[in-house]
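Pasting the structures in now, so scroll down.
In the two assemblies presented below, chain A is common to both, partnered first by chain B and then by chain C.
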Partner chain A sequence: MDSQVNFSAMIWHRTFRIIFSLRGLIAILFSFYFIGAIAWMLPTITEQGGVIAEIWKTFSSDLAFSWLLFDGALSKLVSIFIAPLFVFDAISGDKTGERMPIIMSRPITRTQYVLMKLSSGMLAFTLLFLPIMGIGYFVFSGLVEGGLDVANYFATCILFVALAFFCMAVCLLISALVKKNLVSFLAAFGLMSIAMTANASKNTSDALLASAQLTPHYYATYFASPFPEPHDLEIMPFLGCLVVIILFALPFLYLTILKFKKEDL
Partner chain B sequence: MNLYLLYTDIKNILSSKRTSYTILIMAVFALVFGLVIRFSSEGLRTALEASAPGSAGVFEYMWFEDVLKFLLLVVVSFGAFIISDLEDDGTLGLILARPESRIAFLVRRILASLGAFFIVFMAGAVLVGIIAIGIMGDLDLPLFLLHQFFALPLCLFVIALAFFLSVPLRTTTYTVISSFAISLILSFTYAFSLMTGSGTPSPLNPLALGYRILVNAPLVEPMIYAFVFSAVLFAAGTVWFVKKDI
Partner chain C sequence: MGAIEIKGLKKTYKDVEALRGLDLVVEKGEVYGFCGPNGAGKSTTLKILVGLVHATDGEASIKGIDVINDGVEARKHIGYLPESYGMPGWDTPRKFLTYMGILSGMSKEDAAKAIEEIAAEINLTENLDRRIKTLSKGNKQRVGIAQALIHDPAILLFDEPTTGLDPIGRNEVLDAMKAFADKGKTVLFSTHILSDVEKICDTVGIIHEGVLMEQGGPEELRQKHGAKDLDEVFLKVAGHG
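On to the complex of A and B.
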């Protein structure tokens, strides 16, 4: 790294700019809306028919709730909305605003620039996501019969941070490939919606379960889902899931750096 | 109103990446969700069919219940065309310097956006129907297209919302993310209310129109609400824009 660049200061500066912007506000409001909605429907949901009530009868309340929260709601919310929200225009925005030549005239390498965008997006996501999930834990544990398993809950939260890393790596590549924010928005949010479909439908057939296993979403919800079977939280499978999700993300990050390095600005 | 400029605007949208991405995203969603239903168990397909007595087939249930939420992202992009595109390009001030009132300018841009969206959405729906028939084989295409037409007031509301938000937010980025977020919240609100067994969603929520089509619920009242809300948003956005210092 270039000694003239205060890399960590740049990351923190951009992180706070994201958090205290409209997109940070939207992410916070959206997350609290989800927590409130799930807390509101939880007391009545088990009385209704359908898949959710069946799962509640078949498995423990803790696992059934984890499935509803992480597999049913958050895997969609994080992958199709909140994670792309922080980075979908990270590079294309600078190209559109013609700020790129000015930024590149500073003592910063192109690799540093990409890593700064990804790190600040990840940091902003983590700083918002984990405290909100912490509040969610206290709200939900009082509503679920027998309480929630704290280790399982927060282990899945950490896997979701890794899932956000994957989503951001993909969105950053899209942002590097296109020149317009709108195109980046359509491609990033559209692709993320498609990427999570197999995991969202994994309980419907063996073919979809096999497809879901080819996506990082499956590994992020590994301990929260009763499909194909419930998994107890253990350190090695947890680390395995974490590594697999990160390995899914790394090729996209590498391609982003490669593309951005070769770009004629 | 200058009809030639209106024609040019519609032509500009139809030849933009926004149009090709919309058709592409609709086709890919049709392909993916068609395969999801194709590989689902027979029991699930029967259950879906039973829960949507007014639908043109199982595929349409998925299309209205799941895909329409994701498609909101392409709908908001048409709302962003009205002002935000010009703000991003930095050409808004220049265009407003022409001898055309701001109201006439906005009416033209809104009509162009709605006209182009109608063409793109219905063309995309035909393609989606053909893909679904290719995969599933049991979709009633004319009924599916009629239902897409009935769902247009929903899209009209989302475009109006995006336009209204684009007046204070200016840039395309903030316009699309905020209008997409609000539309998603409205969609999830009716979906959550269904999960709690509250019955048919409120006619006041325009985003529940797709579900109402599926279950053969009355459509006139929610359509009137959707048109009224859209008209209010367009009118409020126009008044705000006319008085705004550019």
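On to the complex of A and C.
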């Protein structure tokens, strides 16, 4: 037979398999939990003179919405929970489940296989994340005095999609390097937790701020975080942040492909 | 030109030589039994043909297409059943086979049509919509065979397809392989069960320690070695007779 590989069909097929799976359901529940928790916490934390607000001030003198939402919770949601969830076993799972011989006997290259895993993970992430964050906008904007800046909000959401790309590239490399799903799971979630720490603590010292600038998380929260100073949304810095985050991801993607191409399966 | 041609194929895993210059030709439309003891290099040979393992040296082609340098093109013509494989147990055979069809470059509609035809051919129709994990070993092997056939390849590479099956299941798989060859497909299957080979093979190749020691028709080999069956031939070729 003379067939051409239909790359987009492969990606869409796997994307829907992710969305309509247990992990898709977990991602949706996490995202809605995130919105619900923020909506519940926001008035409590920003209430001047409140007990929780006073406790919160020991971590940050700023009670602004942006710091709370984007720098903290959204980083955790995207880089620890959802992005690794979609790809932590992308390659190791096919190995341990002994599916690799059947999949790789199809007329696809190993590079296509890796890109299919990444693209379908990203597509599933985007299809779930952006609509839920859209719902989140309407929930949060009613709670913030003067409303939320829609451009800032969605620009940051897009940067977080790019951050998910970075997280998935790292997790794919881990998945290619290890042979067991459990190890891949622990390494992916653990490493992602460590990777976001510097940015989450950047307001506490100059050293951590400098460290944060070496992580893509800093650039994902560039327009939302008031640390070290607030940044107005402008197109060139926005594109710059987008490019920097993607550049962070590319070496991991390259190493994944390189490792997988050389491997005897 | 043979359907499968292998010349001087070598594979070394760290310091273990799995293949030491294998030469092999399988003609179009024949059933070729690739025999040898465990560790002889049978699976490695099939894995190189299908691109799962990188050859250290040598040449291999499928329908004249170089499998080492043009693996994707070659794999369009190959249906492969690994010795050991997993399938998503929560999926139905229909869903799994559709995915395999898409990975093979088929549209969903073409894959759906092919699934019905193949299922009818190998008695899988009534199990197409049950979860794979609920199927018997024999029916799982049918799904394995169906995934190898889904894109209508000209060449079938089956690695120990009858291992672990009961006599009924074994006979069904052997009959199926013979039927595929009757329809013009080339079948190369590895096994260490020589009675299977005697039943359906046109040609037998005996591999030992990474080298093809003997090749010919079952009857031809028996006469050549004055043996009563292929087991005896094998023992003589392997130096144990």
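Here is the rule we go by: the second predicted complex is superposed on the first by the 246 of 265 C-alpha atoms of A that agree within 3 Å, B and C clash if a C-alpha of one lies under 4 Å from a C-alpha of the other, contacts with A are read in each partner's own complex, and residues count from 1 in each chain.
Everything that follows uses one rule, which is that contacts are C-beta pairs under 8 Å (C-beta built on N, C-alpha and C of every residue); 3 or more make two chains touch, one makes a residue touch a chain.
Nothing here was measured: the structure is a model prediction, and the numbers come from that model.
In the overlay built on the shared chain, the residue A:Ser205 is in contact with chain B alone; chain C does not reach it.
Of the two partner chains, chain B is the only one touched by A:Arg23; chain C is not. Of the two partner chains, chain C is the only one touched by A:Thr109; chain B is not. In the overlay built on the shared chain, the residue A:Lys180 is in contact with chain B alone; chain C does not reach it.
With both structures placed on the common chain, the touch criterion links A:Asp89 to chain B but leaves chain C unconnected. Chain A is touched at more residues by one of its partners, and among chain B and chain C that partner is B. Comparing the two interfaces of chain A, the one with chain B and the one with chain C have no residue in common. Those residues of chain A lying in contact with chain C across their complex are 1-6, 9-10, 13, 17, 97-109, 262, 264-265.
Partner chain A is touched in their complex by these residues of chain C: 13, 47, 50-54, 71-73, 75-78, 80, 82, 84-88, 98-100, 102-108, 144, 147-148, 151-153. Interface residues of chain A, counted against chain B in their complex, comprise 22-23, 26, 29-30, 33-34, 37, 40-41, 44-45, 47-48, 52, 80-81, 85, 89, 93, 96, 180-183, 185-187, 189-190, 193-194, 197-198, 201, 204-205, 207-208. Contact residues of chain B toward chain A in the complex are 17-18, 21-22, 25, 28-29, 32-33, 36, 39-41, 44, 70, 73-74, 77, 80, 85, 88, 169, 171-174, 176-178, 180-181, 184-185, 188-189, 192, 195-197.
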